[in-house]
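The two complexes that follow have chain A in common; it is paired with chain B in the first and with chain C in the second.
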Partner chain A sequence: MTGYLTALAAIVTREALRFIHQRERFVAALVRPLVWLLVFAAGFRAALGLSIIPPYQTYITYETYIVPGLCGMILLFNGMQSSLSLIYDREMGSMKLLLTSPFPRWWLLMCKLVGATAISVLQVYAFLAIAAAFGITMPMLGYLTVLPALVVAGIMLGALGLLLSSFIKQLENFAGVMNFVIFPMFFMSSALYPLWKMAESSELLHDICAVNPFTHAVELIRFALYVDFNGAALGWTVLAAVVFTAAALWGYSPEGSGIRRKG
Partner chain B sequence: MTGIRVAHLSYSYGAKTALNDVSFEIARGAFCALLGPNGAGKSTLFNLLTRLFVAPTGRIEIAGHDLQANPREALAKMGTVFQQTTLDLDLTVRQNLSYFAALHGLSGRDRDRRIDAVLDRLGIADRVREKARTLNGGHRRRTEIARALLHDPAVLLLDEPTVGLDAAARRDITDHVHGLASDGTTVLWATHLADEVAPDDRLVVLHQAKVLADGYAKEISGLKPLQQAFLDLTGADA
Partner chain C sequence: MIRSATLICGLLVSPVWAGEIWVTNEKDDTVSIISTETLEVIQTYPTGERPRGITFSKDFSRVYICASDSDAVQVMDPNTGEILHDLPSGEDPEQFVLHPNDRHLYIANEDDAITTVVDTETRRVIAQIDVGVEPEGMAVSPDGKIAITTSETTNMAHWIDTETQELFANTLVDSRPRHAEFVKDGTQLWVSAEIGGTITIFDVADQSEIGKIDFEVQGVHPDRVQPVGFEFTADEKTAFVALGPSNHVAVVNADTFEVEDYILVGRRVWHMDFNGDKSLLFTTNGVSGDVTVIDVASRTALKSIKVGRFPWGAAYRPTD
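Moving on, here comes the complex of A and B:
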C-alpha cells in the first residue's frame, strides 16, 4: 500500500508543480469568474428578480446567487484544463511514462484526478476569499461544509475531462470541447439563473437543465455553502462521477483507445 | 533463460497490418538490435511490449512473466526509453528521476541512493540540479536511460534512442548500452541505422510487419557490410 501512496503523492506533487509553473493559468482561472461576479452580475441584478428558494432564507442579491455557479465554473474549466493537459501529455509522450508504471492503470488515472481536483478546490477557495473581500460572503461554517461538495463536484468534472481526453484525437480539437461541452454545460444549468426561471421561457430547456450533471454539482455546492444538504444533487453528481470515471478508465485501458490516438 | 519472448504477435490498425505473426526470443543479458526501416512496425512492437496496446493474438513474456496475465510483474522488470523524450522539461534531473521512482513505488533513502547510483553510472551526476530544459540532446538521453535503470530492470527497451543526436553522442550512448548488456541486462534496441549494430549483436530485421531475418548480425550480413545486407534484405536502393 505504501507504494500506491508514494505514486499518489508524486503524481499530485507533479500536478501542483505544473500549476505553479503556469501562473497565468491561476490568474485566468480567477479572473474569469470575477469578471462574471463583478461585471456581469452587476448589470444583471436589475433585470433578474429572484424569489426566495432553498437554501436561501431571505431575498438575496444576484451576486450572491451566482457565487456557487461560479465556483462550479472554476471546477468545470479546471476539469477541461486537466483534459487539455492530458492530451498535451499524450502528444509529448509523458503519458506513456505514466501508463507503463507497474501500478494498475485505474490507480494512476485516479491519482491524476485527485491531483487536478485538489488544485481546482484551492482555486475555488481563492475565489471565495476575493468575493468575500468584495462583500459577498457566506455563513462562516459554509466555507467548511462546502469542501466535500467541492471535492465531489471537482472529481465529477475532472472525470469528464479525463473521459474527453481519451476521445479527443489532437490538441487542436480542444476548441470543440469549449463549444460543445463547456458552454452548453454552463449555460444550461442553474449556475446563472434558477431552474424555475428557465421553465418560464421553455419547459424543454428546463428539462435539459434538470438532467445536466453540472446543475446538480452547482446545487450541491450552493446548499453546502449554506450549511445545508441536497441529497438528490449529491446522488446525481456521484452517479455522473461514477459513469464518467468508468468510461474514462475504459478509454485509457490497453483495450480502449485513449493512448492509441498517438501511437 | 529468456529476457524477452515474443510469440506469434499480430496487430492491425483497421485494415492496415502493423505486425504479422512476429516471433523472436532474446536470452537474458543479450543485446539485440531490432533493425527496420521507418514504418516497419518497430514502434507498434514497442507499444505492445510496454502494454500501451494489447495484441488480439500472440504472447509476450518479459523476464519470464506473461505480460497479459501478470502485467505488474512484467512491467516492474522493464525499463523503457521511448523514441520521443518523456522528460518534464520544467523539472530538474533529480525531480524527473524522483517522479519516475515513485511510479515504481520507490521512496526515501532507497530512492535517493538509486538516483545517485544511476546518474553516476551514466556520468551525469553533476547535472542533477539542472532543469531538463537546459540539457543538450545527449544528456537528455542519458538522463532517460538513467531513469529507465532506476528500478534495476532485467529488460531495457530503447526505441530509436539516438534520433536527433550528433555522431559522438550516438556512439557514446550505443557503447554505453552495450556495456549494460555485458552487465546482465537484456537490451532490445530499435533502430533504422545499421551502424549502431555490432557484428556480435543479436539482430532481428523487421520489414513490412514481418521478421525478415533473426540471428547474429555477422551471420545475417555475411561478407557484406551490414548496411548493404540490410538494404538487400528490405529491397531498398543503396
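Moving on, here comes the complex of A and C:
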C-alpha cells in the first residue's frame, strides 16, 4: 500500500512541479475565464434578464450567473490540457518509462487524474478570489462547500481528457479536440445561459444541453457555491466520471488502442 | 434551500420582531401578507379595485388601503381581512399619509388635483385643498404641523398648514415628483422626482433647497433610472431609494447625499418598507410581481418573494 501512495505522491508532485515551472500556463488558465467574466459578461450585463432559478433566491447579474460556468471552463480546459500532456509524454517516451513501473496501469492513470484535478481546483480558487476582488462574491460557506463539487467535476472532465488522449495518436490531432469537444461542450451547456433560455430558441438545443455532462458539472458547482445540493447533477456527473474513467482505462489497457500503438 | 434555512435560523436567533409586510397588488385587487420571519406569503385578502397606498393606524388595529379605481379608502381589520367600511376619499385616491394624531388622513386625489383631508373617526371630509395637477406623494411632519403633497405634472411640492388646511408654500422640484418624506426630526424634506431622476432635499424651516441627489446605474440607460419610493434606516444615516425600471435600489448616505451602492432587485421597483428592527427591507417590484428582501447591514438582496400582479405599496405590522 505504501508503494501505491509513493506512486501517487510522485505523480502528483510531478504534476505540481510541472505546473509551478509553467507560470505562464497558470496565468493563461486564469486569463481565459477572466476575459469572459470581465469583458463578455460586462457587455451582456444589461442585455440578458435572468429570472430567478434555483439555487438563486433573488435576481442576479449576468456576471454572477456565469461564475460557476467559468469554474467549469477552467476544469474543462485543464482536463484537456492534462490529456495533451499525456500525448506529449507518449511522444517523448516518458510515458513508457512511467508504464514500466510495477504498479498497475489503472493506478498510475488514476494518480495522474488526481494530480491534474488538484491543480485544476487550485486554479478555480484563484479565479474565485480574483472574481471576489471585482465584487462578484458568493456566500462565504459556499467557497468551502464547492470543494467536493469541484473535485467530482474535475475528475469527470479529467477522465474525459484521459479518454481522448487514449485515442489521439499525435499531438497535432489535438486541435480537433478544441473544435469537436471543448467548444461544443462549453457552449452547449448551462455555463453561459440557463437551460430555459435555450429552450426559448430551440427545444432540440435544450435537450442536447440537458444531456451534456458538462451542464451537470456546472450545475453541481453552481448549487454547491450557494450551499445547496443538486442530487441529479451529482448523479449525472459521477455517472459520466465512471463511464469516462472506465473507457479511458480500457483505452490505455493492452487490449485497448491507447498506448500499444506508439509504445 | 440550505441557504434559506441558514437565513431563517439567523432570523430566529436575532431579537424577536415577529411581523408582517402588507403589500397591495395593483392589478390583482388584493393585498399579500408576508411573514417577516419565514419570508413567505402567509395570507392574501381581496380589496377594492386597484389598491395602491397602504398604511396602518398607530395601534395597528386598522389598515387603510387606497382603492384607486373604487374611489375609496378602505378600512380593513388586519386580523380578519374584513373590509370594515369605506372612507370618503375623493376621486382616484393614490397615496395618503396618516397624521400623527392617528385620525386625519391626507389623501392625494390624482384625477382632481386636490388633497382631501378625511377624519377617520367621523368618516367625513374635513377639507379639500387645491394643489397641482396629478398629486401623488404625501408626507406629514413628525410634529404634525405640515403636510406635503407632490404633484406629478406641476412638478411641485405643496406645503400645507395642517391647522388652517391651506397651502403656505409651493416649491419646484424636478419632473414628476412621486414620494416625499420628512427626516432629521422634521428639519429636512426629501422629494423624489421620477422623470427628473433626482431626489431634492429641502430645509423645512425656509423651504430652500439644500441638496440634490443624482443616480447612475452601471449598464442602465439614464432614462430608466427613475427614483420613486424611499425609506430611511433607524439612525436616518442611510436612505434606500427605489429606482423604478432600472430594477435597482440605491443606497444613499443621508448626511453627505452621496450614493454609496446599488442593489439589484426585481423589475420596476416602486415602494418599500422595513421589518420591525429595520434589519430587512422589503421592496415591491411591479413588473416582476414580487417583493425583494434586502439585508440592510450587508446591503445584499436575500430573496425575492412572488406576490400578486403589480405589487405597489408596502406597510409593516408587528404581530407580537
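Rule of thumb we're sticking to: the second predicted complex is superposed on the first by the 261 of 263 C-alpha atoms of A that agree within 3 Å, B and C clash if a C-alpha of one lies under 4 Å from a C-alpha of the other, contacts with A are read in each partner's own complex, and residues count from 1 in each chain.
One rule holds for everything that comes next: a contact is a pair of C-beta atoms (placed from the backbone, for glycine too) under 8 Å apart; a residue touches a chain by one contact, two chains touch by 3 or more.
Computed from a predicted structure; not experimentally measured.
Superposition of the two complexes onto chain A shows chain B and chain C fitting side by side, with no clash. Touching more residues of chain A than its counterpart among chain B and chain C is B. Judged by the touch definition given at the top, the superposed model places A:14 against chain B, while chain C stays out of reach. Once chain A of one complex is fitted onto chain A of the other, the partner contacts of A:139 are limited to chain C, with no touch recorded for chain B.
Look at A:94: by the touch rule set out above, it reaches chain B but stays clear of chain C. In the superposition on chain A, contact of A:130 is made with neither chain B nor chain C.
Once the two complexes are overlaid on the shared chain, A:122 sits clear of chain B and of chain C alike. After overlaying the two complexes on the shared chain, residue contacts for A:238 are found with neither chain B nor chain C. Contacts of A:84 after superposition on the shared chain: neither chain B nor chain C is touched. In the superposition on chain A, A:53 contacts neither chain B nor chain C. Of all Cα pairs linking chain B with chain C in the superposition, the shortest spans 44 Å. Listing the residues of chain C that touch chain A in their complex gives 1-4, 6, 218-220, 247, 264-267, 288, 292-293, 301-304.
Against chain B, in their complex, chain A makes its touches with residues 2-4, 6-7, 9-11, 14, 17-18, 21, 92-94, 96-104, 108, 254-255, 259-260, 263. Interface of chain A with chain C (complex): residues 42, 45-46, 49, 52, 55, 57-61, 139, 141, 226-229. On the side of chain B, the complex with chain A involves touching residues 13, 43-44, 47, 50-54, 71-73, 75-76, 78, 80, 82, 84-88, 90-91, 95, 98-100, 102-107.
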